[in-house]
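Each of the next two complexes has chain A plus one more chain, namely chain B in the first and chain C in the second.
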Partner chain A sequence: MKSIKRIGIPRGLLYHRYGDIWKELLKSMGFEVITSPGTTESIRDIGLSLSVCDLCMPIKVFLGHVNVLKDSVDAVFIPRYISIEQGAYMCPKFIGLPDMVRAAIRNIPPVIDPVMNLKTGTIMDFVTELNKKLHFKTPDKDEQLRILGLPVKRDYFFGEGKITVVVTGRPYLVFDNIMNKGAIRYINSLGVRAFYFIPDLFSTEKTMDSLPKWVYWSMGKEVVTSVRSMLDNHDICGIINLVNSACGPDSFLVELITRSFDLGKKPYMAITIDEHTSDVGLQTRIEAFMDMTLKRKPLNAWGGGK
Partner chain B sequence: MKLTVPHMGLLSVAYTEILRKHGVDMMPPPRPSVNTLNLGTRNSPEFACLPFKINLGNMIESLDNGADTILMPGGSGPCRFGYYGVVQEQILKSLGYEFNMTLTDNPDSLSGMVGTIRDISDIKDKKHAFTVFYLILIKMAALDKAQSMYHWYKPREINRNESDKAYSGAVRTIGKATTYRELYRSWKEVKKIFRDVKADMKHKPLKVGVLGEIFVVIEPFANMMFEKKLLDMGVEIVRGVWLSDWLNDRFRFKPFRKNQNKLAKKWAYPYLKYASGGESIESVGKTVKFSREGIDGVIHIMPFTCMPELVAATIMNRISTDMNYPVLSLTFDENVSEVNLQTRIEAFVDLLERRKKCWKVS
Partner chain C sequence: MLEGFLGIDVGSVTTKLALIDKNDDVIWSTYRKTKGQPIRVLQSALRDLSRALNPVILGLGTTGSGRRLASYLAGADIVKNEITAHAVASIETVPEVRTIMEIGGQDSKLIIIRDGVVIDFSMNTVCAAGTGSFLEHQASRLGLSVEELGGYAISSTKPTRIAGRCTVFAESDMVHKQQMGHEIEDIVSGLCDALCRNYLSNLARGKELRDPVIFQGGVAANEGIKSSFERELNKEIIIPEHFNIMGAIGAAMLARELSPKETRFRGFSIAHQQLTTSSFYCNDCHNSCGIIEIRDGENIIARWGDSCSKWSAEFEKVSN
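Now for the complex of A and B:
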């Protein structure tokens, strides 16, 4: 077997959450890390041509990223995230992701797919499997565990502006400007600041307890909680929920949000996006939403009162 | 209390009579129809999968007929099924219905199911509840067995539609059984019914494996009587997904039947290393198995936007090209046209026939 020196990380899906950690981890082990370029339209189109028709867009784009990477690296790093906390799963497509990539793309270099399953296992299992798969003989496991335990950035502000709207949704949709059709850039161009955040554990538990049943998708939990906790926040003037078309968990969670929470408190809009969405349609909706929000301003006690 | 449970294939035949005998006022919803689907589609989220819509339609219909308690299994797997009950309850409440929803959150555990039976019926003894639950399971297995016999006899029958009559007679006979003894007798009768069907034993029909999401496979309305269409073309169906197998993997009521899930995991290992919920591992594993067993082709059916089956569909595409083995993936939702389905199946069967002839010649 060829020895592995250059490892590629596709810039899609969970890269937007854990990418920095993965890069640091692999660099600390002495590998050269290459990430694929940011999503372009051609990457998206390659991905579309590689996948089954009714898959969701992020997976299709991910396949495009792998396809771009595959010739320039010795191995592709696609960890299999089954669950990242007790009592919750990731989406089923994440669980099968490495196998899907192997199946969909031909002549692919070895896929490094250590399993992250905190439902039954520990992070140590992840590290052990990673070392085994990379034939890494002299691991410094303490260092690896330290890097894996590094905190991820939880609050993001996009652009500048006097008023702020919260953008919720999956990180791979919010941070990818091709996938969200420049929705966030457009919000900024209206003079509005966008805010994306990962809710903390306390408010997650509080929100989940108020629901009839805990949401068992980790990322779905975040979406529901960030909508719920921002309804009471007076510094925020509106909530925009970016949803993938054909996203399994979100198809139910959008319904759950509209039916369980008192959305009269704050303007709320769910935008469904897929690869066919027109930019103009999206812009009209955002513009209408912002107009509505600004009209509502004098009625409400939000913001500006500092 | 008038209890209703949404339909899932022949499952309602298995439990209705038995639970009625034990004091449950069962009120099964009408069999799914176009009206059910319309009701369900109108009231469900846009991208909910087909089983959700049919279940919701079923619930609305039976609430209209006067039911007041709904039993809905749940779960906490990665698939959306575990969250069905919660969303359905909210939708029905907002439509103005008043009812109780019993969510069995742990359908995989025996004690949970036995507890449910004790809650809804007048059985208070734990041991008795166990026996009743196992009777339901064994009855389900008998129904599945009858169906597989029908799949075998139908393409080989000499008098047209004789096996259809035999099958419906068999389901009726088994459905009446409420004790172990009656079930045993009815099974003897079923065997006799099928033995009377005149069949051409030497005929070797095409064999097509049917795999996919369990609800769509076993509920004839959800797949637009797709199995009937195949059988009418003279094709033998080898089904890879059975409700009794699914139950057997969890409750082990048939000790000599191997755990199908574990077997499928073994077969699927080169392609799919972890089960990603639903029937993904069965679909992949059994495609590999069918390709080795001399089954001519596989039809893989799933509801639109089904997450686990999409993983399987991607991988089955690859298996198909790797092994040079025909696989057809069909997606079902409320907008599928029946004629389109018919055309695609016919084309697929033609392809298989031609392929078989070519193999024979060479």
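Now for the complex of A and C:
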């Protein structure tokens, strides 16, 4: 087997949450790390052409990112995230991601896929498997664990504006302009600031306890908690939930949100994004949502309205 | 000289124009098929308006999925999304309205109003099942025109149950029901019920539909759908006089509200220009934006579609 010097990380899915940590981890082990560029129309189109139709668009586009990288790296880093916390799982499509990549893309260099499963294992298991798969004989495990434990940024503001809407959804939709069809840019272009955040443990547990049963998916918990906690936040004038059309978990969660929370408190809208190439429908919905939000203002308590 | 405010609603299937006076009364209107040629249809509609009344346009509003195109072409003072435009027109027509159902060619909308303000809305998601295109397709498959469907539907006393979740399923379901020997009136009536169930389960889930309920959009011409909704909701459904041009009326009202000192309307001469559109992909970066141009002969009069404004910068931007 060719020795691995240069490792590629596809800029999709969990890269948008853990990418910086992965890069630092691999660099600390002496590897050269390259990432695919931000999603482009051509990466998306290649991804769609490599996929079977049942996959959701983020997974399809991920394949496009792997395809861009495959000829310029010795290995591709696609960790298998099964569970990142006790009592919750990732979507099955994440769990099977490395296998789907291998099945869909020909002539692919080795896929390095250490398992992250905190439901049954520990971060140490992940590190051990990573080192083994990379034939890395001289690990500084303390340093590796330190890097993996680094905090991720939790609050993000996009653009400027006198009023702010919360954007919730999977990070790989929120942080990828091609995936979200420029939704956030479009919100900004209307003079509105967008805010995305990862809710803290306390409000997550509080929200989960208020439901008939805890949400099963980690990222789903974030979305549900974000909506719930922002309904009462007076600095926020509306909530836009970006949803991917073929997302299995979200098809439940959008319904759960509608049924469980008092959405009359604040303008709320779920926007479903699919493979349409035109963004007219998306713009119509965002414009109408902002029109509604501004007109509703005096009727509601937020922002010190009359 | 006749003066008025003009609203243009370029939808996916039809193009609507409405001219209103300062009291929001409709003076002139037209409703015609877009036939995939929005520019030509718009030009011919404007020609007809100028021939019929030759009015002075005090302000122009555009709406519909082709609102930007219409604005670039005709010079709009205000460009507004369909939800807001429909709501504005409905509230003016029926001030106490609390629910607006709108079904057009490829969109369906539900708008919830309280005290004259939009407080919630929903639109169909990524699929056009249960909209006008679906009805039209099924009508043509049955050898009927879409206008005939309503009459057939209300003459049925025992609607056939049709799956309306998806156009493709509905079609195969209808074929089977025909082969089983169901009468065409019952099938058409069942189709209306299916569309109505589809609409309610997609858009109205979790929402409270309070009286008065207005039903508008091209599909409201179909009495079969209206009676399906009345049965399903057990409510009286109001169909406004101008049900199929409400978006255009709303756009005109928004222009009237704005009452610009000087309109940006380019004048009726645009109806006689030799306008052509062309498009190309800019490959200067990986985004590969699709750029669209409108030309009058050799002259480029509008260009848009780029995300970096490299191509559109020299052309006037239209605000929302």
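What we mean here is this: the second predicted complex is superposed on the first by the 302 of 306 C-alpha atoms of A that agree within 3 Å, B and C clash if a C-alpha of one lies under 4 Å from a C-alpha of the other, contacts with A are read in each partner's own complex, and residues count from 1 in each chain.
Here is the rule we go by: contacts are C-beta pairs under 8 Å (C-beta built on N, C-alpha and C of every residue); 3 or more make two chains touch, one makes a residue touch a chain.
From a predicted model like this one, the values you see are computed outputs, not experimental measurements.
Contacts of A:190 after superposition on the shared chain: chain C is touched, whereas chain B is not. Once the two complexes are overlaid on the shared chain, A:260 sits against chain B while remaining clear of chain C.
Touch criterion met: A:249 reaches chain B, while chain C stays clear of it. Residue contacts after overlaying the shared chain place A:294 against neither chain B nor chain C.
By the document's definition of touching, of the two partners only chain B reaches A:212; chain C does not. Of the two partner chains, neither chain B nor chain C is touched by A:48. In the superposed model, A:285 makes contact with chain C only, not with chain B.
With both structures placed on the common chain, the touch criterion links A:37 to chain C but leaves chain B unconnected. Taking chain A as the reference chain, the count of touched residues is higher for B when chain B and chain C are set side by side.
Within the superposed three-chain model, A:100 lies in touch with chain B and out of touch with chain C [touch as defined at top]. When the two complexes are superposed on chain A, the residues of chain A that touch both chain B and chain C are 245, 259, 272. Against chain A, in their complex, chain B makes its touches with residues 45-49, 74, 76-80, 82-83, 85-87, 89-91, 94, 103, 105, 271-278, 280, 304-308, 310-315, 317-319, 329, 331.
Within the complex formed with chain C, the residues of chain A that make contact are 37, 40-43, 178, 182, 185, 190, 245, 258-259, 263-264, 267, 272, 274, 276-277, 280-281, 283-285, 287-289, 291-292, 295-296, 299. Those residues of chain C lying in contact with chain A across their complex are 65, 80-84, 107, 115, 117-121, 123, 125-126, 205-206, 285-288, 290, 307, 320. Taken in their complex, chain A has these residues touching chain B: 51-52, 54-55, 80, 82, 87, 89-93, 95-96, 98-100, 102-104, 113, 115, 211-213, 215-217, 245-249, 251-252, 254-256, 259-260, 272.
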